[in-house]
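See below for the structure under consideration.
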């Protein structure tokens, strides 16, 4: 069986600067994989390469065995990969409900449909309400998304990401800028909504990482220096030296 | 139509809550009734001509708002889609045998298809990017086609345009569309159809995604939608309805000229749509009604109508970017709280005074203009149905007085209005 | 504001209520021309000429029929065909039966078609179209109809007269034709080539070109080309800013030969040319202003200047429109039914205030009159234009120009 | 051959004039990310102000004062108008400048009326500088060339060699950082807008006497200025220069030489349909280059936007 996501000697350069320097990574189906690393290690770039936001310079990315080279974000999404953003990226002028409904449209087969009313589909409304329920935003259903609190917007961001039913979910710092209680809330939420899916996340908060992930990769200067279970990574001297030591102290 | 529009009876509670999802039937019924009754109130042919013009502008503005309001695409050359649709229809009117075989009310479909065809060609390259690139391509294409209108005489008829006769079509249940009133009802029916279709379009998956792409094209891409194709389909749909507006123009005026294509026309439709308000479906309708009245009625009152329109437009962009519709919808929260009435008196005080100030300022502008530009020795002028000598002191004192007093009172009462506004928008019992 | 205020009020009334019956003692003439926008200057000046002519030539003489007065009602068409059609409808609703328009053949074309359709569809309130300036030949040829009367010489007639003068000038061997790229510019060019070919086959047309209308910012490249062609004479139908731009560019570039034009006077153009145009600028038009033909014409012009010091009588034919309409109404004995008025106008002969014989040709409703070639000068100009000291003086005259020119008009009469 | 030289000079004058307008516009764009639709209106104001001043103080004072007045107005528009609209986003900004263009045209007609103003070149420059094969080159044109080049060099110097220029360039790219460093970024923006419009004002002052000072002068030139900076690449000063000259020469040469579509098509191996006046393609066959000279830049722009959306010299998408 193919792994869910497979990176093979992936490289990316901006001009002469090489940001990703040959990453090999294999993420199995159903795995919860966290990518950690110091600032500027290239985590976000790696995310952007995988999701088609930037074209790669070399190497290959395979999703369920299919090569993603040259694919646009929407094509990759249709192949079953969905992502969230580090900086909240929702539709601020639309209601919370509509945000979720829009993210359901493609996967529910509506595509570029202009002959049926979205409001008339029970299945669509129910699915959207179900997701709202999952992310605990039912009470905010008909408010414009732009007026929600930060934590609520982050929850909505996750809701939008998982709504399409993608089986590979990539979360880019889902708890960035949150208080402790908010973080706990989001972690629980992520655990529930990604049940049975492959989860790839970038995260700085080690509490979140160790609470959620069953595999961790450490990215330093565009290279993966270690991959393994949280315990193994924690024990890895290279990681200790390069990153974890200071990071853990800071926390 | 009616059972399509009716709400789902199985889940009334949820429907009520959904708000945006339900399709309110009432405004449509009222609109249709109003359209049916209007010609009995305004019976003059000229009034009907103006109403026809209004209806055509409404369809065009709604089509334009599919781009600007719903899709976030700013086009500086949208007149060409309406224009080309109209030209095609006039050419059809001139194809004796073919036109004699089709009833006139069907003609707009051909105009729509023509507008759509052109939009498909242009959209295939212009919608790849939104923002400035799209705006500039629309400007370039608009200028090109407008310039072609005097070069490609075979289709556009040069500066004289192309004219036809609508009455040569197949009689439609015995109606030959000889009179303005026949044409009025034809246009009114098409107005209802087009507006309903455009409204329903905004409720389809594609229509919703057009909004999503407008707000955040990148996010839409990560939801499986290609922003480019969503824009393209919106553009094509907008071209279709613009073409219908052009076809109705052809039917009403029986002539199409270069002015239907040029950038001035494209600018006007932008102005109309924005004045009305791009954020709400009914905004462009208001804009079209107000603009047509200003253009045909105010322009008879004063030759400075363009100046006033320019001022109103710039002030709208600066202070009320939601346009007229935005202004009206601002009052919905207060209405929901049942406190709209509390705004009445402060409104009369401030806006009434402001209106006096505006009238005074307008009189000043008219008088200044008269003194500067009337032919030497012509001292007599008429403002507000009063004729006087513009070179005497009294009218100036009156006008300046009205301006100062009006704006002065408005300014003084403004804080009270603001307070009333806050009060009306705060639920009772909540501390502010 | 003028009469437009009154009009706005009535429009508001028509909007609010219903049609407005024409007053019993005034005969209204709708003046549909640009009163705002870039051509407002020309339109306003034309309106003044109409108002003055109606006042002086009809109302002060006791009016028509049983003392009915003429009233000019102004409608701003913003030089847009669409607006013109709306204003036409407003005018008809107000009970107006006579429509005067002149600026832009495009508008005239839209109006004549609309009026013809209206008269066919509404036999009870037919109207007449008094075209005083739109000179596209088609209006009295393929597109002619019974309701349209043209009081200006059309582009072909003017060119016929102009080429008579050119043909008589042996110094001219090379001619450059340049014009705006639209129907009128093309009509001028085609007529120039045709008439020169007939009258002086030896003349070489060294250039025949069209430029975009109203879009050229700098005419220098055209001027260079004209200079390079060694043309002895230039013919152009340009008007407005295109006329000023072309003329100035050519003259600045050292051109000294004649520049034959249709519309190079008044509305600021005479002032803009000033001294530079003297000796070169020639203009073909009807209506002799300088030297004044008689005391009556001089007195009329003086009275006009007294009332409108900034105005010009730049369209002398407007007096002909008013006088001939008054005469036709008197002959017909009615102003309400336009059919007898139209029959009276068709074929009418009249002596113009400006000293020339007029004949409204029955076959196509094209007026036949003397056409003059004027020179732009400051020498011997009794009445200048734009108060600039410069004006037009008649150089030569073609009597009853193109009186037997053919027409393709097949008029259907009621 | 001589004619080519003459046309080169004429095209240079047109191009440099266009450059003075597009330089300010492209500067403003790179700063605020918005195309100022009213830019050509400031050019018109420059001409009208200069005309009014020249009535009392002569041409040279007009050249000095009018651009300053236009610049102050421009700065005012930025301070009290654009800054307010900025919060609503780019599209309302674009619409605001569009409305401003309408308003300024109406304002000019309100104050000066609709006719062309008798604004003319100063007497001291009313002579022929030199002649090439019978074609005279007026001294005023040479003067225009010098003024434009001086402005270009001055602008380049200020932007790349002075402290103010450095701050502006930095503010363009990193407004937040520059603000954090203690510079008043809104003030810089206002200043750049003022300078940009003042440049348009200069162009108006020196072009008014040649191209005519009338209410439509902004409209005639308006959209061609956007075309220029879009072709050159939004935000690029060099791009604006190259595109301006390119447009100047393309339009001049296609007007000066009668390239006929008939010859092109026959050259390509098409046969002319007979009879031509009955053919649907008759208009295509009869096209000549002077006829379409002024729409060539639009064709060029659309092609550029399709194949190279960032323009000739641009670094980023519009």
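Going by the order they are written in, the chains are A, B, C and D; count residues from 1 in each one.
As a convention for this text, a contact is a pair of C-beta atoms (placed from the backbone, for glycine too) under 8 Å apart; a residue touches a chain by one contact, two chains touch by 3 or more.
The structure displayed is predicted, hence computed values, not measured ones.
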{"item": "Comparison of C-D and A-B by number of C-beta pairs in contact, larger one", "value": "A-B"}
{"item": "Maximum centroid distance from chain A, chain identifier (CA atoms)", "value": "C"}
{"item": "Chain centre separation (chain C, chain D; CA means) in Å", "value": "37"}
{"item": "Computed distance of Cα centres, chain B from chain A, in Å", "value": "43"}
{"item": "Euclidean distance of C-alpha centroids - chain B vs chain D, Å", "value": "32"}
{"item": "Distance between chain centroids, defined by C-alpha means - chain A, chain D (Å)", "value": "48"}
{"item": "Touching two or more other chains - residues of chain B", "value": "147, 151, 306"}
{"item": "Chain D: positions in contact with at least two other chains", "value": "113, 291-292, 294-295"}
{"item": "Chain-level touch network, classified as line, ring, star, complete or other", "value": "other"}
{"item": "Interchain pairs in contact, sorted by label", "value": "A-B, B-C, B-D, C-D"}
{"item": "Of all residues in chain C, those that touch chain D in their complex", "value": "37-38, 40-41, 181, 209-212, 214-218, 220-222, 224-225, 227-228, 241, 244-245, 252-254, 267-268, 271-272"}
{"item": "In the complex, chain C residues that touch chain B", "value": "1-2, 4-9, 11-12, 14-20, 35-37, 40, 48, 75-76, 78, 80-83, 85-86, 89-90, 92-93, 105-106, 109-110, 113-114, 117, 121-122, 136, 181-184, 186, 212-213, 215, 307-311"}
{"item": "Chain C contact footprint on chain D (complex, rising order)", "value": "3, 6-7, 10, 14, 113-116, 118, 134-136, 138, 210-212, 214-216, 220-221, 251-253, 255-256, 258, 288, 290-295"}
{"item": "Touching residues on chain B, where the partner in the complex is chain A", "value": "8, 11, 14, 17-23, 200-201, 203-209, 211-212, 215-216, 218-227, 229-230, 233, 237"}
{"item": "Complex contact set, residues of chain A against chain B", "value": "51, 72-74, 77-78, 82-83, 85, 89-95, 97-98, 101-103, 105-107, 110-120, 122, 125, 141-142, 160, 164"}
